[in-house]
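First, the structure itself, so that you have it in front of you.
Labels A, B, C, D, E and F are assigned to the chains in the order they are written; within every chain, residues are numbered from 1.
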Amino acid sequence: MRILVLNPNTTASMTARIGAAARAAAAAGTEIVAVNPAMGPASIEGFYDEALCLPGVIEEAVRHERAGTDGAGIDGTVLACFDDTGVDAVRTVASGPVVGICEAALRSAAVLGTRISVVTTLSRSVPAIEMLTRRYGFADRCRVRATDIPVLALEDPASGATDRLRAEIAAAIADDGADAVVLGCAGMTDLASRLGHEFGLPVVDGVAAAVKLVEGLVSLGLRTSKRGAYAPPLAKAYAGELARFAPGSAPGLAS
Amino acid sequence: MRILVLNPNTTASMTARIGAAARAAAAAGTEIVAVNPAMGPASIEGFYDEALCLPGVIEEAVRHERAGTDGAGIDGTVLACFDDTGVDAVRTVASGPVVGICEAALRSAAVLGTRISVVTTLSRSVPAIEMLTRRYGFADRCRVRATDIPVLALEDPASGATDRLRAEIAAAIADDGADAVVLGCAGMTDLASRLGHEFGLPVVDGVAAAVKLVEGLVSLGLRTSKRGAYAPPLAKAYAGELARFAPGSAPGLAS
Amino acid sequence: MRILVLNPNTTASMTARIGAAARAAAAAGTEIVAVNPAMGPASIEGFYDEALCLPGVIEEAVRHERAGTDGAGIDGTVLACFDDTGVDAVRTVASGPVVGICEAALRSAAVLGTRISVVTTLSRSVPAIEMLTRRYGFADRCRVRATDIPVLALEDPASGATDRLRAEIAAAIADDGADAVVLGCAGMTDLASRLGHEFGLPVVDGVAAAVKLVEGLVSLGLRTSKRGAYAPPLAKAYAGELARFAPGSAPGLAS
Amino acid sequence: MRILVLNPNTTASMTARIGAAARAAAAAGTEIVAVNPAMGPASIEGFYDEALCLPGVIEEAVRHERAGTDGAGIDGTVLACFDDTGVDAVRTVASGPVVGICEAALRSAAVLGTRISVVTTLSRSVPAIEMLTRRYGFADRCRVRATDIPVLALEDPASGATDRLRAEIAAAIADDGADAVVLGCAGMTDLASRLGHEFGLPVVDGVAAAVKLVEGLVSLGLRTSKRGAYAPPLAKAYAGELARFAPGSAPGLAS
Amino acid sequence: MRILVLNPNTTASMTARIGAAARAAAAAGTEIVAVNPAMGPASIEGFYDEALCLPGVIEEAVRHERAGTDGAGIDGTVLACFDDTGVDAVRTVASGPVVGICEAALRSAAVLGTRISVVTTLSRSVPAIEMLTRRYGFADRCRVRATDIPVLALEDPASGATDRLRAEIAAAIADDGADAVVLGCAGMTDLASRLGHEFGLPVVDGVAAAVKLVEGLVSLGLRTSKRGAYAPPLAKAYAGELARFAPGSAPGLAS
Amino acid sequence: MRILVLNPNTTASMTARIGAAARAAAAAGTEIVAVNPAMGPASIEGFYDEALCLPGVIEEAVRHERAGTDGAGIDGTVLACFDDTGVDAVRTVASGPVVGICEAALRSAAVLGTRISVVTTLSRSVPAIEMLTRRYGFADRCRVRATDIPVLALEDPASGATDRLRAEIAAAIADDGADAVVLGCAGMTDLASRLGHEFGLPVVDGVAAAVKLVEGLVSLGLRTSKRGAYAPPLAKAYAGELARFAPGSAPGLAS
C-alpha cells in the first residue's frame, strides 16, 4: 500500500519530519510518500495561507493520483495540516480515501476519552479549528486551546515550545476536565507519545492517526464516494495561470 | 462608497450580469466594481472549482484593497458565489466588510419568513450548501433543493431553467412549508423579483442582499475585525508560482 | 423611504436618543419615524415589561402601517429593544420588513468576526438574550455578559455606565476571545463607535444595524412573508379593554 | 391545593371545557380555578393573538396571586394555550410553579415514547410550536403537524374535527414513526384518552399533563426561582391605559 | 396507586432512605414499594456498576410487573439512580410509566428556572450525566459539577458531605449563574428542601420529582408506549446463568 | 497484536461469521479472538436484550484482559453489536482501545461521503441507533432505515434478506441523497463489499471498520483514558449471583 502524506506547506524540513512520523506510524507493508507542494506558503497560519496552499496541494494530489494509472499510484491520502484545508477538494480528485489530520485525531480521541482538548499553536487558528470541531460533530465535548507558539518554532529545540505545550495540557486537564488530548499541529508529531506518558492520558497526533485511518480504509477496499459532492470535477475551461488545472481537458490535470 | 463585487469564476458574461444586478440593488451613491479573477475556473460547480478559484479571488481582493491606499480603494466586498468560497481568506486581507452571497441571502430571508428553502443548481452542490446553512446557524429552519441546471445554462434562455426553478419553488412551498425562498446561485439574480411576485413570498437573491448588507455596514463604519482569525496574514515566504502572494514582503501582494 | 423606529418603552427621552441614532445611521433619503407607545412600561427590564409593552407596540405598528394606505405609510420597522419583544406579532401586521435590534446586531457582527460577545445591562436579562442567540443560530459563537447598569441610568452621564461597559468589553476580549462586540441595549447607541475605536474591534449597535438592514430589504422590494406564520391575523372578536385590537373588524385596528 | 388554570383567550365556553378537563385530571384535594381574561382575543391563532392576550393573562395571574396573601391564594398556575404564550412573564409575578401546556405535554410524552408527533390546529401555528420544541430541547425527536381545524371549530361536533385529527395521527405513526402523540391545542382535551385507546399509544393532552406537573411541584414545595430571569419585576412607571400594571407601585398590580 | 421505587444498588440502608423520601413525596393514596435488587453493586459509581446492576434491576421490575396480573401489581416505576441506568430496558417490560431520577429532576427544574446546575458526587460520573443532559435536551442550559463525595459517605453525618454540597451550590450560583439546582444523587434526597431554603432557589431532588411525575402520568392513564422501541422483548433463547430472563418462555421472566 | 472481537449475543454461529469477517479485515500480524458470552440473549433486538447481554460481555472482556498479565492478553476490543451496548462499561475494565461497530462504521463513512444512511434490521432498533448517531455527532448527516429482517434470518440464505437490504439502499440513495451506506448489524458483514460494488458507493461494515480502527490505535500505543469516566471501577461489594463481578476484591473479576 502506498499512502500520500501531503504537507500543505512548502517547508521541506517539516515535510521530512511529518514523513518520518508517518513512517513510524505506518504498517510494515505501507510505503509513505511524503511530499509538499512546489508552490505556496511556508507554513499555514490562518485562512489566507489555507486558501493559497490549495493549488499546490491539488497539483500534488492529482500528480500522484495519476501515477496510479501506471500501476504505481497511491491508495490513499493524508492531508497533514491541522486546519484540514483542501480535504473536500482533494476528495473530488482522489479515488482512495482522503483524511485530514484534525478529523483523524478527533475521531481517534473520540473512542479513548470523553472530553477532548485540542492544543494548537496560534490563537488566531482557534476559530478555524472550532469550526472543524462543529463540522465533525464534537462541539459539545471538545475545547480548543492555543499555546501561541509559531508553527515553525516547533522545529527549534531552544524555543521552549514543549514546555508551553505541557502548560496547556495541564490546564486542559485541570480546567476543562480533559481525559484525552489532541495535538493541533502537524509539527508536534514526535511529542505525542512522550507527553502521553508524562500526563497519563491519550495524547493523539493527527499525522499518525490519519495514517492508520487511511491504512484501515484502504485495506477494506473503501474509497471516496463518487455519487455526491465528491464526484469528479465537471469538465470546463480554466483561465490564466491555472489553466492547466481545467478538469477533463485531454492532457489536463484532473481528467 | 465603492463596493467590490467579486465573481469568483472567470466567465465575463456572468460577471457582467452579476454587476448589473449589483448596480440595480445599489444605492445612488454606491459604485459597483464588478470583477472576476484573471485565472481560474469558468464556473464553480463543486469543491474542486471552489478551491482553485481562490488565488484569483484573493489576487483581485488584494489588488482592489491596495488601490485604497491611493484614496480610490474599495469600502467593502461581495463574494458572488453561493458556496461563499474564500470568504474567510478574503476577510484577512480586507479592511472593510466581506460578505458571501449565501450568508447574505440567508440572513435576509431570516427576518422575512420562518422556514427557508434554498433552490440551487446542481445536486452535487447541496452538501456544500448544507454545511454553510449549519455554519450560519440555519440548520433547523432551512432546506436545500437542486434543480440540476448547469450554472452556465442559466445564461441561455432556451434552457428551460426558469421553469425548473418554478417547479422547485412550488415543491418547497408544498412539501417543506417554505415561506421564504433563497435562489442559490449568483446567476439567478434577475429572476428573484419576478418569482417573488409569482409565488407571493419573498424570493431573495444573494447578490442584491449582499450589496445591501455591505452598504449598511460600510455606512456605519463597521469593518472586519482584526483581533482574531481575520487578522492580517503573518509575514512569511511563499514558494513557486504563487511567491508573489507572500504576505508582508515589501512590494508583496498582501502587505 | 420611511422607517418606523419603535421604542417599545414609553420613555420619550430614550425615544429621542434612539431616533437620533437611527437618523445618524439612515441614508439620505430615509425618513426615520421614531415613536414610542402611548401605554406601557418606562423601560423593558425582563419578561414582565416585555409582555406589557406589546399592546402599545402593536398599536403603534398598526397605526403607522395603516397610514400607508394613504400614501404616507411606513416601508419597514425597527423594534428598538434588545429583547426583540413583539417582533413576531408586529410581522403579522406589517407588510414591510420588521427587524429587532438584537437580531440585526448579531447578523451584522456575524460577518465581521468569529466570536461575538453581547454586553447588556441587567443580569436578569441574560437568559432572555441567550434564548434569542439560540433562536437566531448563534449559540456556539456568542456569549452574553451583563454590566448590571439599570437601563435608564444610561441616560445619566454621572452613572459611570460607560466605564462599566469598558470593563465588560475588556473581559469579553480577554476571557471569551471575542473579536466582535454587540451592545445589548437600545440605550447604548451612541457609544458603539467610540468604543469600537478604543478597543480596536467592531462594536455593533443594534439600532443602527437594524436601520441599515431594513433600508436594504425595503430597497430590494423584500417584504415580510404572508404565506406562513406571519400571515395577517384571522378575524375574530376581542373582549374588553383591548376590543379595538380585534383583527378584521371594519374600523378595527388590524384589518 | 389550588391551581389556577388560565385560558389565555376570552371564550368562556372553552374555559369551561378546559376547567372540566383540568378537574378530571386533578387530585382529590386540588381545587381548579379555571378563568379567562376579561380582555383579549376570543382564540389564540398566531403571534398577533399571542401578544394581545398577555395583559389579560397577567392581570388574572396577578389577581389570583395576590389573593394568596389573604390565605386563599393559588399554589401554582397552568397556562392553557399550546403556544405557551406569557409563560415567562407570568413566572415573574408568580411564586408557585407556572407551566404551559405545550411544555407539560412534551415533558410527559418524553418519558413514554421515543418519537413524539404534535398534532395541532392551524398550519400557521406550526412554526411557533417548532420554536417551542427547540426551546424545550425536543428538536431531534419531535415533529409538528397541522389539521387546519380552526380552534373554535373544535367545540362544534358537526365540524368533522375528530376525524381530521385521526387522519393526522395515523400519518404521524406511518410517516414519522411516532410512538407518542401530543394534542397541540387546549381545545382537544377530552379526545386524548379516546384517541389513545384507538391508536394504541400514549396521546397526551397538555391541560391534564400540566395540572399533574403543577400538583407535583407544589406538593414538593418547589416554586419558581426568584434569583434570575424570573425575579419580580422592577418598580417603575407604566404609562397610559396600562398604568395599573406598573410594578411596585403601592396599590399597584404587581407589587 | 402503587409505585415501584427501584434503587439499582444493593445497599438496603440507602433503599430505606430513598423509600422514606419517596413516601414523603407521595400523595395520600400512593403506596411506595421501595426495593433493591438481590444481586449487583453496593453503589453505582460509573459505567461498570451501571452495567452490572441491570439484571437485578430488570428482575425486580419484572417481578413487580407480574405481580400485577394478580391484581396487586405496580402502576409505575421510579429508577432511583441519577445515571438513569436501565431506564430504556425497564420500559420494555413495564406497562406503566418508568422514570429515571435524573430525567425527572431536570424536567422539573426546567419549569422553575432558566439555568440549571447539577451537583453530583464523583467527578468520574460527570461525563455520564452530561450525556444524559444532552439526550434530554438540556445541553445549552445545564452544567454538571462534582463534589467528589463517595456515594456511601452521604450516609455518614461526619463526612462533611453537606458542607461540600453547599460549597458547590454557592459556586454554581456565582460562576454558572444557576437559578435552579438539581442534586445529582439518590442519596441526597433529604437535603434538597433544607438547601433550597438556605440558598433561596429551587433545589430539586430526583426521587421526589420522579414520584410526582409517575403519580401524575398514572393518574391520567398514560402508559409506556408499546408501538416502538419500548415494545415487549421478542421471544428468544437466553443462555447460561441468565437463561431465566429469556423473554416469552412460558414460565419465563419477561413473558 | 491480539484483538478481542466480542459478539454480545450467545449465538455461536454468528460469532463464527463475525470472527471470519474480522479475520478477513485484519492485518497479517493480527490475531482475532472471536468470542461470545457464556450467558445472555441469542440475539440483541432492543433495549431489553442490550441490558441483559452486559454481564456476559463484561465477563468475557475481563477474562481476556486478565489473560494479558500472563503475556498473552488482548491489545484492544471490538464490540460487535450495532447498538454499541456495553462500550462504556468495557472501557472501564480495558486498558487497550474499545470500539463499538456502530461508532467505527460511522466514523469511517464520515470521511468517505457527506450523507450517510444506516440500514439496520428491526424498526424497533431505529430509535436506539438514532440516539447513537446523536451521541457520536452525526445527527445532521445521517438517517437510519430498517429492513425489518430479524437478526437471525440473516443467517438463512432463503430469507430474502439481501434483496430487502438492496431495496433499502436504493431508497436511501434516491430519497435521502445518501452517498455512503452503513450496514447496521453485525450479521451483515459479508455483504458490504458486494453491495458496495453493486451500488457504486462505499458500503461500510462495522466489524471490519472496528477491527481496522482498533488495529490502528493499538499500533500507535493509544489506550483508553484512565483519567475520567473510564477509570477502573472502584472497589466495592457486589451482592448475590453477580458477587464475582465485585471490583477490587483480591481474586475478583475486575481487580
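Note that in this section a contact is a pair of C-beta atoms (placed from the backbone, for glycine too) under 8 Å apart; a residue touches a chain by one contact, two chains touch by 3 or more.
Nothing here was measured: the structure is a model prediction, and the numbers come from that model.
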Minimum number of chain-to-chain touching steps separating chain A from chain D: 2
Longest centre-to-centre distance from chain F, chain (CA-based): C
D-E, D-F or A-E - pair sharing over half of the A-F contact pairs: D-E
Angle (degrees, nearest 5) of the CA superposition of chain D onto chain F: 120
Gap in Å, rounded to a whole number, between the CA centres of chain B and chain A: 28
Centre distance in Å when chain C and chain E are each reduced to the mean of their C-alpha atoms: 44
Separation of mean Cα positions, chain E and chain B [Å, integer]: 52
Chain D: positions in contact with at least two other chains: 114-115, 123, 126-127, 134, 139, 177, 179, 228-230
Touch-based graph of the chains, sorted into line, ring, star, complete or other: other
Chain-chain contacts as defined at top: A-B, A-C, A-E, A-F, B-C, B-D, B-F, C-D, C-E, D-E, D-F, E-F
Chain F-facing residues of chain D, complex: 114-115, 140, 177, 179
Touch list for chain F against partner chain D, complex: 123, 126-127, 130, 134, 139
Residues of chain B defined as touching chain C within the complex: 25, 27-29, 97-99, 103-104, 107-108, 110-115, 136-139, 173, 177, 179-180, 193, 196, 200-202, 204, 208-209, 212-213, 215-217, 219-230
Chain D residues within the chain C interface of the complex: 10, 37-43, 45-52, 54-56, 58, 86, 88-89, 91-93, 123-128, 131, 134-135, 150, 228-231, 233-234, 236-243, 245-247, 254
